[in-house]
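First subunit A sits with subunit B, and in the next complex the same chain sits with subunit C.
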Partner chain A sequence: MPFSLSTPKDPAEAFRLLVAGRPGETALLAGGTALLRDLDEGQNHATHLISLRKLPWNRHAWKGEALEIGSTEPLRTLENDPLVRARLPGLHQAIEAVGSVALRHRATLGGNLGRASPASDLIPVLLALEALVNLRSPRGQRVVDIEQFIISSRQTAREPDELIESVSIPRALPSAYVWQRVRPSNDISQVGVAVALGPPPGRWRVALGGVSPRPVRLPEAEEALVSRRPSEAEVELAAQAAARHAPFVTDRRATEGYRRRLVTTLVRRAVRSTAEHRARRAGPKGGR
Partner chain B sequence: MTAPPTITLTVNGRTLECRRVPDDERLLDTLRWRLGLKGTKEGCRTGDCGACTVLVDGESVLSCLALTHTVEGSSLVTVEGIAAEPLGKAVVAAFQAEGAVQCGYCTPGFVVALTGLLKERGPKASREEILAALSGNLCRCTGYSPIIRATERLLEKHR
Partner chain C sequence: MIRSDLAAKLAGRTTFGADLDRPGMLWAALVLSPVAHGRIRRVDLSKVRKAPGVVVAITAPDVEKLLPKGSGDPERPVFPTREVLYRHQPIAAIAARTLSEARAAALLAEVDIDPLPIVDDIETVFPEWPEPSKKPNSAVVAHVHARHGDLEAAFREAEFVHSETYRTAGVHQVALETHACLAEVEGAIWRVTTSTQSPFSVREDLSSQLGLPESAVVVEGSWVGGGFGGKTSALLEPFALLLAAAAGAPVRLALSYREEFLLGRTTLPCVVRIESSVAKGRVTGRRVRMLLDCGSTMPSRDFATGYAITFLLGPYNVDTFEVEGYGLRTNKPPFGPHRAPLIPQLTFVIDSHMDSIARRLSVDPIAFRRAHVWHEGDSTALGQRIGPSGIDSALERAEKTVLRWRGNAPREHGFGIGVGYWSTGVSAGGEARLRLTPQELVIEQGEREIGSGSVVRGLVAVAERSLGLPASAIRVAYSDTASAPFDSGVFGSRTVGALGQAVQKASEELVRELEARTGTKGSLRLEFDGRSIRAVASGLRRPIAELLTPEELNEGGLKAHGKFYGPPMKFDESRVVAGSFYPVADVVGAVHLAEVSVDRETGAVKVHRYAAFHDVGVALDMAMVRAQVEGGVVMGLGTALTEESLWSSEGSLRNPGLLDYRLPRLNDVPPIEVYPVEGFPGAGPFGAKGVGEPPIIPVPAAVANAVADATGARVFELPLSPERVARALKLL
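The block that comes next holds the complex of A and B.
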């Protein structure tokens, strides 16, 4: 289907176009790497695209240990910020898992979030880091917890007149994102596990992707982990809890049973990687 | 309101005006069919194979997943212009020296992606960074070994 394109120069113009457009016929273009594919494959039937690429949202900024990521900032720019790797290793690993370098020069966090794919590699780590989504509309601004923002597969809490302006990550945290795929690169994860530690010390967050209908936090696995340096037994309990409670289904990428076996290994790896990262940052006096 | 139909692009150092560009035209099609630069290949058109990789303002981009209107005013380098860049010239020479070309269909994408990485990271990019950057390029002749050898040869020169 042919489509038309508008490229607003400022948010006010973008909102005028957004409000004038009919839902279902209008789509938002950020990096375009997923949208153009969706249009080609008939997953999206929009006949009018609004490009967000000229809006002043292609930037990210640190405020102390908090990170605010503009919705149209290319993923590769975040990946190239050494502070992202040092302070939010899980986010860095998740970004590296998205497509290829050339794809990440265009793909954006806002685009990935707005599309809300259950196989997203970025949403699990945003859940584990308890990110906040900053939405803007002609009515004003509002902040939605990532947990409430993602509703279901390709369904978010964004209202038709709203745009994702940025995503805030409140604090730097030891974290990890690990995944399994048929091919290691340029493929979609069968299961992805994101883990973040603290605050308070010893409080773990565990989130999963490759589940149905949306990435989820897993409180049962989180409760099994009670210390900053969890024992083998704790990690094992968390891994088993994840296998028992994760909402896995069988699809063309993997069977439910395979995913349940996979998640135990991935939870062990993610928790160990995070505990080691914390120990390194805390230094020799880090203690338990 | 739709995008202005005439757009300006700098392609391999030449500034060009493209007229009556439809809003939904892909950069890949502009290069191949409008400008006749058929070195840039169409492989999958879904962003999986890397054969259509070009440099947009120095960064590797999949031209099948970029609308031409979204690169308006940018400076593009395709495989036809890559050897005019010192790093691109070195990449081409390394590919020739190692015979890193089989059927050749994927070669423009590999050469452009590698040149882009060397521009981005400097010629001292790590082996891991290079392998990661090339992971988005598929060679269906499976001629990966000479491609990786060509890359290593290039790195050795800069050590």
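The block that comes next holds the complex of A and C.
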């Protein structure tokens, strides 16, 4: 279907267009890797696209150990930042899991959050890292916890006149993201598991994708993990808790039963990978 | 040798079906059925016709007004008149000034259909399964049955009978270019330019479907962006031609990628019960029963069922057997060919089964196959004699490679063999004309290059060998069905084997004529110095310009005509109980070896190394053979591991796109080693055997057997998705 395209150069112009547009007819275009497909297949009937690519939000910056990621920064740029890999291994693994290299040159974190897919590879790790979403509108700015931002499948706390400006990750943490798919490259994950360790030391966060209707934190699994280097028993309890409590469903990508079986393995692998990574970073003398 | 089509393709100058353009051309769109089965009450196009840009819109009642004879084939109406048979069946067509206007107008069609119950599952609609049908079943559209020997005695006297049930999924061809054509109707001539593997088959389809004499239908092939069996017959051409007739203007119709999945004729699901009696380490008898999903309608359903089923006996000597197959009608698009239609799936069945018996007997799976495999002089199940066959030689080489690979692989890796064969379509005929000018040799023929190289390179290689000329002096000419010599088309791996023989015969005729003109005998060759061609024999060296008559020099050169129509083939009809069976033409074998690892906690399979041993007869161009084998292996890995059409219980394809229809990605493809096995000549020119389809055939079997070797667990269903492997590993 034909559509018109506006490319505002600053947020003020973007807001004007956003407010002038009618809901259902206007769509925000970030990387376009999902939107253009939806338009092509008649899943989205927007006739006016507002491209965010000229807005000054295609950058990321470290403030000490905190990372602020502009919403239109291409994922590939983040992936190529060696500090992202070193300080936020889980985020790096999640970015690498998204589509293909070519796609990551276009795809953005803002676009992924705005779409709020239950199968997102990025939302679980942002949940585990307790990221904050910075929203902006003509009314001003507000900060929303990622947990509150994602409401349901394709539903977020963003108001119609708001744009996602950036995402803040408060601190560098040992973390991991592991996934399972029918095809390893460029596929949608059947289950994705993100974990992050601390603070405080020994406090684990576990989040899942491939669940319904939105990626979730899993307190039952988190509570089973009580030490910085969890014992086999702790890990097993956490894995079992994940299998019991995760809101899995059957869809065309996997059955609920397979997802429950998978999640035990993936929780085990994610926790072990994080604990071992942390131990390696701490050096031969062991934990700090 | 660099392919002559390469430079234009790399530069983006090649005109594919989707690039066709004419001044004043209209763009077409189709109205697709919203239900999979139902009685049509009303198709109202009045809003469509008033929509912006729309020039014409047509549906069933309009067709008779547009056709000279008022109707076409009542068995194959262009639009359904009373009943829709599958979801997304085209029920009307629109031509508008732009594509977006045509597509927007298509959404305005008012279609009123009373839904009827649908058949989507072949096992549900066949309650006796796995026993034979006991009472008439309206879903059965084909029934084939053959047997030989005393199977009951073999089963009675066996040490054991090994019984298994296998299921396979539907797969798409996924050519990069969708179906696309451009239609023009001028006077009595209905002309279509189309992306097809066979212009002459499209002409035949159009002639019968529209009730037009063949002389009134002209089909011109465009360059084809991949066929893989999906472009062997007419699909869009009738709609485009009727729109062009109605509008009085050229009309272009091309499918979107989503429509390509929804409307394409593809392989559909199949279920097989296979039982073998075993005594003294040998298979003494075999019974197979097969249910095949034929989709809503299928002119060639007998062929699909009767041709495929004997492959379930494998390239193995089993003289006592019974095969019985049923083609079943379901509310899906018609079954259609896909590179060696259904044979990779059925080879997965027979060769998993052979592997499984060998493991039950605790004998080496390769040795077990070698004890049964066909050699020259053996017979097929229907009693046809096998010509020179390199399968055992390929097995021997695979055996050595397994030993070598096992020696340097991690202990948990598994190794699997897949043994497959194909019968290349050399019985389907074709003709070629050669024109020798002082500067070049032109091959005039009726095929189009579909990407494999069989035309641009294969036919040229035959002329090269026949005449001594280098490829740089040889040009392939393409034309429409009104002027090209007849050819059956690009299918069945037949281009080099069948049309190549026509080129070879025409080359021989050229040589004979030049020998007569020069008084030489038996040794004349042609040479090319970059500018002009010379005839060379002992004591002779003359420019072609001196050997042609003035008329020949004026009228395109010295001409020669070669025809090849395969000799009639017979099989032992006494073995047939019911239905249509088909002879095999030229048996071509292949043995593949896969090395895999399996994640024991998730079921994920990774293929680490792959080797393909191919009985190619004589490799006319090894680089082309290698390319075909590599491409076939990659395609087969999709069938083996990730590709699967998913149908909802309402008869909708749930994954009409590349997001959830998973082709192999290059990152997931292992290194592939290709080994030609030569010395077993086939029916083609110089002993060449077809290599287009054989490389896809053994892949699913090789991968499944490697998974069984790595884990001890057998997967009985394609594709081997992580979840299916996890179930086989009893993880859930």
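The working rule: the second predicted complex is superposed on the first by the 285 of 288 C-alpha atoms of A that agree within 3 Å, B and C clash if a C-alpha of one lies under 4 Å from a C-alpha of the other, contacts with A are read in each partner's own complex, and residues count from 1 in each chain.
The rule we apply is simple: contacts are C-beta pairs under 8 Å (C-beta built on N, C-alpha and C of every residue); 3 or more make two chains touch, one makes a residue touch a chain.
In this text the structure is predicted, and so the values were computed from the model without any measurement.
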Subject >> Partner chain(s) touched by A:258 [first = subunit B, second = subunit C, both, neither] >> reply: second
Original post:
Who does A:180 touch here: subunit B (first), subunit C (second), both, or neither?
Top reply: second
Original post:
After lining up the shared chain so the two structures overlap, which partner does A:51 touch, if you call subunit B first and subunit C second: first, second, both or neither?
Top reply: first
Original post:
Looking at the overlay, does A:7 come into contact with subunit B only (first), subunit C only (second), both, or neither?
Top reply: first
Original post:
Is A:188 in contact with subunit B, with subunit C, with both, or with neither (first, second, both, neither)?
Top reply: second
Original post:
Of the two partner chains, subunit B (first) and subunit C (second), which one does A:102 touch, if any: first, second, both, or neither?
Top reply: first
**OP:** Show which residues of subunit A both subunit B and subunit C reach, each in its own complex.
**Re:** 2, 37, 40-41, 100, 184-186
Subject >> Residues of subunit A that touch subunit B when the two form their complex >> reply: 2-7, 17, 29, 32-33, 36-37, 40-41, 49, 51, 53, 76, 80, 96, 99-103, 105-106, 184-186
**OP:** Would you tell me which residues of subunit B are touching subunit A in their complex?
**Re:** 1-3, 22-24, 26, 45-48, 50, 53, 56, 59-62, 64-67, 69-70, 113, 116-117, 120, 132-133, 135-137
Original post:
Given the complex with subunit C, which residues does subunit A contribute to the contact?
Top reply: 1-2, 37, 40-41, 100, 180-188, 190, 252-255, 257-258, 260-262, 265
Subject >> subunit C to subunit A touching residues, read off their complex >> reply: 100, 103-104, 256, 258, 601-602, 604, 606, 641-642, 646, 654-655, 657, 659-660, 662, 664-665, 667-668, 721-723, 726, 731-732
